[in-house]
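One chain, subunit A, appears in both complexes that follow, with subunit B as partner in the first and subunit C in the second.
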Partner chain A sequence: MASAFVAAFEILSFGAIIVLVVLGLGIIASMMGIFNFAQGEFVLLGAYVTYLAYSHGIPVWVGMAAAPFLVGALGFVLEALIIRRFYAAPIVAMLGTYALGLIIRECVRGLIGGLYLSVPEPIGGSIDLGSVHISAWRFTIIVVTILVIIGCYLLLSRTTFGLRVRATLENPALARASGISTAAMYGTTFAFGAALAGLAGALLVPVFSLFADLGIRFLIQGFVAVMVGGVGSFIGPVAGAAVIGTLSAALPWVMAPVIADILVFVLAIVFIKFRPQGLLSGKGV
Partner chain B sequence: MGATEQAVRTGIDEQPDLSMAERGASAALVSQARAPRRVLPIVEILALLVAVFLPLVLQDYLTVFATRVIILALFALSFDLVWGYAGIMSFGQALFFGSAGYGVALLARDLNVTSIVLVLPAAMLIGLIVSLLLGGFLLLGRNPSSMIFVALGTLTGSYAADRLARGWYYLGGQNGIPSIPPMSLGSYDLTEGPVYYYFALGILLVVYLLCRFLVRSQFGLALAGLRENEQRIAFFGYKAQHLKAIVFAVGGTIAGLAGGLYAFHEGFVWPNMLGVVISTQVVLYVLFGGSGTLIGAVIGAVIIEGVSFWLSDNYRDIWPILLGILLLLVILFRPLGLISFVLGERERVGSFGGKAKGSRHAAP
Partner chain C sequence: MRSDHLKLSRRRFLQNFAFASTAITTGVGSWVIRPEWANAAEGPIKVGIATDLTGPIAYAGNADANTAKMVVKEINDAGGLLGRPIELFIEDTASNESVAVGNVRKLIQRDKVDLVLGGITSSMRNAIKDPIVARGKTLYIYPQLYEGKECTPYLFCTGPTPAQQCDEFIPWLIKNGGKRFALPSANYVWPHTLNVYARNVIEANGGEVIFEEYYPLDQVDFSATVNRIISNKVDVVFNTVIPPGVGPFFKQLYEAGFLKNGGRLSCVYYDENTLNINQANEIEGLASCLDYFKALTKDDPVSAKIQAAYEKDFPGNFLFAAGSAATGTYRGLKLWAAAVKEAGKIDRESVAAALDHAKIAEGPGGPAEMVPGKRHCKMNMYTAVAKGGVYDIVARSSGLVDPKEC
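On to the complex of A and B.
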């Protein structure tokens, strides 16, 4: 019973991390139609900002709070300078953002070297439930993930800003005719997606430690999750990420990890092939 | 020049009812007859001459390096065929390269098969089978797959294969398969050096000429149409998905051949050969050199590998950053690659006969 509970917690916390990483990716893919290959590097930058704060003696949680804003600002600038030129051609956008990601990743690699740098958890220790101990930080990640999902959902479904974003997604020409600056909307949406990636990186760096290929590790899983969930809505990619995250954390408990690793991808691709619109086909927000 | 262009244009415009392929063919005929292609053959012959005389002036260790570049150029050719001509974004081309490499490495390690007449066809066969399976699954079917799905599907395939090779003890895990014996022909061992260089160059030349024939044939014209407007090609009665699967398999076969050569040249295979790193590397070669021209892929591979080798002594750390910046600049401002500095749009288009205004690769 206790070990089953630990397993469930492990699965849940890994699922939460994947969801957090995919949130930004999904928002950019759904709202702008761009599969952002630099998203993994935004995660990496979030982690790096947190590490930088820690190594300068600033409390870790301050770094974590600053990371989404700094990465979001960078995302805004990059969108205005570069990404904006790619909207009409999704494949070119993939290549362009790949190049962008390469630049960011190699810059960070140059700064930290080939090292694995660890950052302590701002909330250490464990929560004891009878005989079971669960990591307090992983529990915090789950809570924050849920809060962020609810926050994003409310932002997109209940506010004027969300309405404008969705209008821009639905019909850019009509949105422009109604007085919405679609260029500004795209810029803000991209910055928002980048900020979410920065937050994800900041939160997961105590668990995975900082290394240059941190972002790549999650990128392909993230893409697959977005496709499984379905591009075109906010909830779709979140659902996809929950499925992929849960599967990739749960399968190693019942079979050899190597097989489990591959099986998740194979299942996902087969699923997308036969249901290209995804789990939730663009319904809702 | 202007008059010829006019002739070609009117030649096309006066026959609006012909199918795309015939139209393209007539345009090609007209341009062949009246507008001699000038730059492309010159570039090709220059490249060949340089390649033939290079080992005479290079030191031995540089010849070994040059052989590797030749093999990678062959690999780049396979990607160029798939992306530059058919417009299929194969982000996992290393899957075919690597699985053929692993395949021949296993043949050599476990069965002691190193004869050239067996291993190279085996490498091609592995590339063909893997690409047929993956391409068949991704490209065929009732609903045409979106470009994004194919790109991500190939990328995922390559990534999953990388993970599998890393975790599978039989394939050597993280370390791969070391010390593969050299290829042999009878009792002669083909080891790295000038002989291997000319052998690889010969193969590259043959494959290049075959590809050149292919992309200028009727099949090539259909491919060009496919890339420019898939729906229209489908309306003309071509089975667009089948065309795509065929060219994908041809690309996979060439990638497999390159993988086999590479494995025996390096003497070992390791998981990276299957993975995302090499897959994206080959995309960089082709984008850099110029997709949609065969020589562009070769030039891209040579320049990127050459500069990388030259810089690696002093500037190892900043080279990947420079590469990223250069790539970004090329995508933004030279979407047709470096070759477009010497090769006009008309000549590039004329080289496979279709009439294409602008290019889908071009950023808006």
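On to the complex of A and C.
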């Protein structure tokens, strides 16, 4: 019983981590039609900001709070300077964002000397329930993920801003004719997606430590999650991420981890073959 | 849209092509360090270093290149070898085997070096050994701790082997941890081969292996493994999971109460670099067995001198550590220098014959000597335990430990 509870918690917590990483990726892919290969590096930058704060003696949670704003601001600038030129050519956009990601990643690698650096969690230790120990920080990540999902959902479905974003996605020409500045909308949406990645990086870094390939690790899983969930809505990629994250964490409990790693992708490919539009294509927000 | 800017004119194409071909021919990752004096009649002796200056293990490759610079400078300052200075050629293997083979060929064919030292991972050694030893007809020294079984002629190994890392370490672990071992491992050649040896030593000393399991190299969630370790009441985790997985793995073990319940972590590649992956309390008591730890500088004046010289020349992130092959690089170059002195010439046959039984009296961690006919190196081995983020030496070999290879 205790072991089943631990298993459920660990699987849920890894699912939450993947959801957190995919949120920003999904928003940019669904709302803008851009597959942002630099998303992993935005996660890395969020982690790096947190590390910088820690290494300068600033409390870790301050770094974590600042990370989404700084990464979001960088996303806004990059959109205006670079990403904006790619909207007409999605394939070129993939290459362009990949190059951008490569530049960011190698810069960070240079800055941290290619090492693996630990960052302590603001809420450390474990929560003891009898003989069962669960990580306090992983529990915090689950709570924050749920709050962020609810926040994003409300923002997109209940506010004027959300309405404008969705209008821009649905029919850019009509949105422009109705007085919405689509350029500003794209800029803001991209910045918002980047900020979510920054937040994900900030929350993840105590779990995985800081290293230059932190973002790459989650990028492929993130894209598979977006494909499985379905592009075109906010909730699709989130559902896809929950499925992929849960599967990746659950399968090693029942089979050899090397096989489980491959099986996740095989299952995803089979699923997409039979349901190419994804789990929840374009439904809801 | 700015698509008109993207159009490739013929002139633009030629410009780019010219730039790219120049970059390819001259090479982007080559460094030549010329001796300050080069008035010898025969010209300098050429030493090639092929190591990972860029990529995920650049921290190790740069430390090795720094170590080579330090040793070569020291030899040149003392008058060189056979009255000739040493010229150092450093090529980047970029943690990428296909790039590496090209760059190593440059060392052999263009620079015509007399020795190549380098390669950190086993896959890198396997990729570059043939271009160096067989087709290149050049001497090759591999400096990293590894899984053993490398018996190619003209290839000399100066890092620790499984026998050196396990024979005294595992009995110590059984005494200071317990009999129930788990072998969580990354899925590649070093853990597979090392585990075969470790399992034999564990069982010969009355321990038992509860499970041996392999994970994809980029796996970062180990909840299932941690649960197996806790529920099977494992005493010692003999870890060969590598970064990036090792950090989250140790953290999850700590959070699940493994250390609190008296469990012992062990990992034979853990050195001063890898200590930073986790916070000190998460790996308290982690045991490692290597040919050198910085903690030795307290009571070994030779190690202290070498460590101080390195830190003076190369302060910063690239540490002089055993797990990054820096000590193997030092030992390799010094043994080679001793062999060249004995042979009195630098052709491959004579130097290899002398290197076969070369000895050095002073090195990091103590003296070292090649085992004749085996092309592997005897050295002192030390067991250290991480306490509050620094190593504390808890056991040392009574003399030079035999590599038991070939």
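To be clear about the criterion, the second predicted complex is superposed on the first by the 285 of 285 C-alpha atoms of A that agree within 3 Å, B and C clash if a C-alpha of one lies under 4 Å from a C-alpha of the other, contacts with A are read in each partner's own complex, and residues count from 1 in each chain.
Please note the rule applied: contacts are C-beta pairs under 8 Å (C-beta built on N, C-alpha and C of every residue); 3 or more make two chains touch, one makes a residue touch a chain.
From a predicted model like this one, the values you see are computed outputs, not experimental measurements.
Engineer: State whether subunit B and subunit C clash or fit side by side on subunit A once the two structures are superposed.
Structural biologist: Clash: subunit B and subunit C overlap once superposed on subunit A.
Engineer: With both complexes overlaid on chain A, does A:Val258 touch subunit B (first), subunit C (second), both or neither?
Structural biologist: A:Val258 sits against subunit B and subunit C alike.
Engineer: Now for A:Ala88: first (subunit B), second (subunit C), both, or neither, which partner does it touch?
Structural biologist: Both subunit B and subunit C are touched by A:Ala88.
Engineer: So, A:Met227: does it touch subunit B (first), subunit C (second), both, or neither?
Structural biologist: first
Engineer: Contacts for A:Leu102 in the overlay, against subunit B (first) and subunit C (second): which applies, first, second, both or neither?
Structural biologist: Touch partner of A:Leu102: subunit B, not subunit C.
Engineer: Using the touch definition from the top, say if A:Val207 reaches subunit B (first), subunit C (second), both or neither.
Structural biologist: second
Engineer: By the touch definition at the top of the document, which applies to A:Leu115: first (subunit B), second (subunit C), both, or neither?
Structural biologist: In the superposition, A:Leu115 contacts subunit C only.
Engineer: Name the contact category of A:Ser126: first (subunit B only), second (subunit C only), both, or neither.
Structural biologist: Second partner only.
Engineer: Flag for me the stretch of subunit B that overlaps subunit C after superposition; candidates: 45-53, 243-251 or 333-341.
Structural biologist: With chain A aligned, subunit B clashes with subunit C through residues 333-341.
Engineer: On subunit A, which stretch or stretches are contacted by subunit B in one complex as well as by subunit C in the other?
Structural biologist: Touching subunit B in the first complex and subunit C in the second, residues 85, 88-89, 109, 257-258, 261 of subunit A appear in both lists.
Engineer: Taking the touch rule as given, give the residues of subunit A at its contact with subunit C in the complex, in rising order.
Structural biologist: Residues 3, 6-7, 10-11, 14, 85, 88-89, 109, 113-118, 120, 125-126, 133-135, 138, 207-209, 211-214, 217, 248-249, 252-253, 256-258, 261 of subunit A touch subunit C in their complex.
Engineer: In the complex of these two chains, what residues of subunit A are touching subunit B?
Structural biologist: 35, 82, 85-92, 94-96, 98-100, 102-103, 106-107, 109-110, 216, 220, 223-224, 227, 257-258, 261-262, 265-266, 268-269, 272-273, 276
Engineer: In their complex, what parts of subunit B are in touch with subunit A?
Structural biologist: For subunit B paired with subunit A, touching residues are 89, 91, 137-138, 141, 143, 145-149, 151-153, 155-157, 159-160, 163-164, 167-168, 276, 280, 283, 287, 317-318, 320-321, 323-325, 327-328, 331-332, 335, 360-364.
Engineer: With touch defined as at the start, can you tell me which subunit C residues reach subunit A in the complex?
Structural biologist: Interface residues on the subunit C side: 1-3, 55-59, 62, 187, 213-216, 218-221, 223-225, 227, 231, 243-244, 247-248, 251-252, 255-257, 273-274, 276-279, 282, 316-318.
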